[in-house]
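When the chains are written out, they are named A, B, C and D in that same order, and each has its own residue count from 1.
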Amino acid sequence: MHPLIELKKAGFSYGGGDIFRDVDLHLTKGSFHFLTGPSGSGKTTLMKMCYQALMPDTGTIKVFGKDVRAMDRDDVAIVRRRIGVVHQDCQFLDHLSVAENILLPSQVAGRDVTQDVANLNQLLRWVSLTDHMNALPPQLSGGERQRAALARAVILSPEVVIADEPTGNLDWDMAQRLLNLLIELNKMGKTVLMATHDMNLIRASRQSVSARVLRIQGKQVHLAGADL
Amino acid sequence: MHPLIELKKAGFSYGGGDIFRDVDLHLTKGSFHFLTGPSGSGKTTLMKMCYQALMPDTGTIKVFGKDVRAMDRDDVAIVRRRIGVVHQDCQFLDHLSVAENILLPSQVAGRDVTQDVANLNQLLRWVSLTDHMNALPPQLSGGERQRAALARAVILSPEVVIADEPTGNLDWDMAQRLLNLLIELNKMGKTVLMATHDMNLIRASRQSVSARVLRIQGKQVHLAGADL
Amino acid sequence: MSILNSLGDVFGGDKQADRIVPPTGFTARLTSFTAAAMAFLTVFALALSLATGRLADRWSAELAKTSTVRISAPEAQLAAQSTAVLNILKTTPGIASARLMTEAEQHALLEPWFGSDLPLETLPIPSLIEVVEQEVGPDMEGLRLRLTAEAPGAVLDDHTRWRRPLAAAAARLRLLGMFSIVLILGATAAMITLAAQAALAANRQVIQVLRLIGARDNYIAKAFVRRFTMRATVGAFVGMLVGMLGIFALPAAAEEGAFLTGLGFRGWHWMIPLVIPPIAAFVAFWSTRFAATRSLDRMA
Amino acid sequence: MSILNSLGDVFGGDKQADRIVPPTGFTARLTSFTAAAMAFLTVFALALSLATGRLADRWSAELAKTSTVRISAPEAQLAAQSTAVLNILKTTPGIASARLMTEAEQHALLEPWFGSDLPLETLPIPSLIEVVEQEVGPDMEGLRLRLTAEAPGAVLDDHTRWRRPLAAAAARLRLLGMFSIVLILGATAAMITLAAQAALAANRQVIQVLRLIGARDNYIAKAFVRRFTMRATVGAFVGMLVGMLGIFALPAAAEEGAFLTGLGFRGWHWMIPLVIPPIAAFVAFWSTRFAATRSLDRMA
């Protein structure tokens, strides 16, 4: 079986020094990966390459079996509907309510939004935002924004979920809860890639999921050993 | 001695239910406070009241001995020069370099910016941003933004430093390092109020500073006991 | 994509998709206002153009482009000189026709001064030749020289010539009116383009969010194009209406409307300003489309 | 704060503080372009206004506002009727003066038609009275009736009257030019206000950051006001220059410049458009100041 997302000898630089050199990465269907590394090491950059916000300078990246260089902007749009993304700085349409924002992927994809409303309510309960569903995004607290962003990323139960530090602003209990949501999705066969700097969270997940931990070090992505 | 920031029976609501009711809080000169509480409990709200981004609905708040209700917008501007603030979502002027952004408080206060440059270089080293001083803020990683924001908050060595989850996007080592910077400032007599959901960080600080831990619970601010 | 389809998209509208663009904002008002102001100015330029057009036509018609040649000579030579003059005039380029005036006509000319009972027959009055010029008149100086040479008693009097520049002036004003309409149209297109680009730049975050969740560029562009086209059209309509009311209310137009000075519309000319909103819609649609496509390409 | 000080602030400028406003953006270009387009249109409106002004003046002067009364009567009654007519004219409101024409003058009038050797003395020619009217002419119908009653041989001929509406038309056009300048000025002020508000709204984050670190509202407002005033002024200057070049290049103006139809400036009139940039600066300064103060108050 082909991996859903596959980097081969991928290299990248923002114009200054290299961020990555010869990175190989395979995200197969149903896998769960944590991505760690010190601040500024390139976690966000790597994830952006996985959802075509950035193109590799060298090497190849294939997403759903297709080379990203062969995609035009419409193809990218279609791919994005199959990948749920949580940005590190969660952005919303500030003039739409939280619920409308979470349903936005459904609307943009041209689906009948009403069929996702049941899903929405369940998700809102999970991330404890039911009370805030009619609030506008600027009225949310930092942690509430992260939860809303995760809800938006998974509303269409995409095949891949990429979450960039989705628990940075959350207390321990809530962080656990979101992680469990991702683990649930993974158990349903979704592929998950989650960046985090919280080793405790990774350790705590051990009982419930067999996740691999990737670490960025020396412009490369390594599989972390038993040193956790 | 008067506390620098003093809340008396302060109450606040955003229009819906109360966020706070009858909160008393005294931040005396040279004190160090951690502020904790679950996501959405009101940490950011409380801090905003401390630097006059929000006005209490009931009760009084005095900052540097002056009632906030008696201040006009120019007075608030002057007070802000004595309080260094790190927002939860760090915002910069995206068209100015990181170094210029960090020096902005100096420029806005009408100081001769050159006299703060030595200070700037030292700070940049501390937060490991020397390599990025000429980058634009959108070119920073999430953690780098938080570090730049902290540097901006303390560049004029203000009497009070208020930091809202300044380590949310940082790995453990870097988080420790920033905390140490705040502890250093506190040892120089500055007053520090820092929100965080990271209990480990609070525990780790015990040896180096005698900080008090405030917890928001039931629309009130409590001093946390020995249960940490 | 055909133009008709695109315009259909704009006015048919996808209420749902429209909401993705933040509803208000100063750029919005700016667009409406610009369209309104420009439509208003266009109505006035149009009225000016039409009024001066009428003026020019009237004056041109009234001019009749005639001159007179007067031949004063002893009775014996009068007929010979008249024939000579008529021959010269026939061969002069720029002259349509020339003919000797009858006695009755001469009488009519003198009546204002002498009343109708002047005994013309008893007087040694000169012959008068009426000359009708072509569009581009003759070379008057050359003609004068030839006449003096061949018929010493002939005097050329192009007494209506002084009015001609008036007609030229009116025609110039009409051209100026047209020119300013074109200018206004160009300025409007540029302003709407810039306003749309400003709006797109200000909504950079909105666009990033939409792209992140898989919106096609076309979907995003359409939402903006729809919004701006609607605003420009409504603005232009209001501006046109106010402009027409203004023209209608101009007291002068009604009072002296009988004469050629009224700055109003006449009859079906009142329909002309009605083309302004559709033109504004068209201009706005293409300006915004251009702006949106360009901005989205740049943000890629 | 005095106006002079404020304007000094704007053009003296605090280079350092200026940098706090993001340097470019479409709102900036929009402002410059709007100012330029409006200045350009103003130059044309001004030229139109001045040209039609000249036209109106010339026509008014040329009209000379005269009429003629012709008295045809038997030799015996001629003197009596002339005196009667002169008396009537003297008491008619709207008439400045009236006098009997001398024989030489009558001769001159007839010369174009009959040459200079007409034996006037031998003819039963009528008396002619030249009437000079006041600014507001007399009630011509009433006068005609009185004349017929008291001097049956008198005929009133206000032969120059038909030209008067032309002068009125020219005056109207001049007014229209002025009016459109005022309109353009108003539209410019509104557009710059809206553009400034759009810029302030788009820079909400910049303003929040500045406030967070202790910037006074005045400091923030000044940076924006400076930026926009500069842009509007430069834009207006460029627009004015292009407009003046356009006027200068209009071929017609040069060719027929001798006559009153040229749409150009004459002599020191070329200086008038130079007031456009300062006026634009002034308008931009106050519009932006208004916009900034309002926006900052709202964001409080």
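Simple rule for what comes next: a contact is a pair of C-beta atoms (placed from the backbone, for glycine too) under 8 Å apart; a residue touches a chain by one contact, two chains touch by 3 or more.
What you see is a predicted model; the values in this text were computed from it and never measured.
Chains making contact with chain C as well as with chain D: none in this assembly.
The chains in contact with chain B as well as with chain C are A, D.
Centroid analysis (C-alpha atoms only) places A farthest from chain D.
Look at where the CA atoms of chain A average out and do the same for chain B: the two points lie 30 Å apart. Work out the mean CA point of chain A and of chain D, and you get 67 Å between them. With centres taken as mean Cα positions, chain C sits 63 Å from chain A. Multi-chain contact residues of chain D (touching two or more other chains): none found.
Contact topology of the protein chains: cyclic, one closed ring where each chain has exactly two touching partners. Applying the touch definition to all chain combinations yields A-B, A-C, B-D, C-D. Chain C makes touch with chain D in their complex at residues 25-27, 29-30, 33-34, 37, 40-41, 44, 48, 55, 68, 70, 72, 106, 109-110, 112-115, 117-118, 123-126, 128, 155, 157, 159, 165-166, 168-169, 172-173, 176, 180, 183-184, 187, 190-191, 194-195, 197-198, 201-202, 252, 256, 259-261, 263. Residues 16-17, 19-20, 22-23, 205-206, 208-219, 300 of chain C are the ones that touch chain A when the two sit in their complex. Note for the complex: chain B touches chain D at residues 53, 73-74, 77-81, 85, 87, 91-96, 100, 104-105, 107-109, 113, 152. Residue ranges of chain A in contact with chain B, taken from their complex: 14, 36-40, 43-44, 88-89, 139, 141-144, 147, 164-165, 168-174, 197, 199-200.
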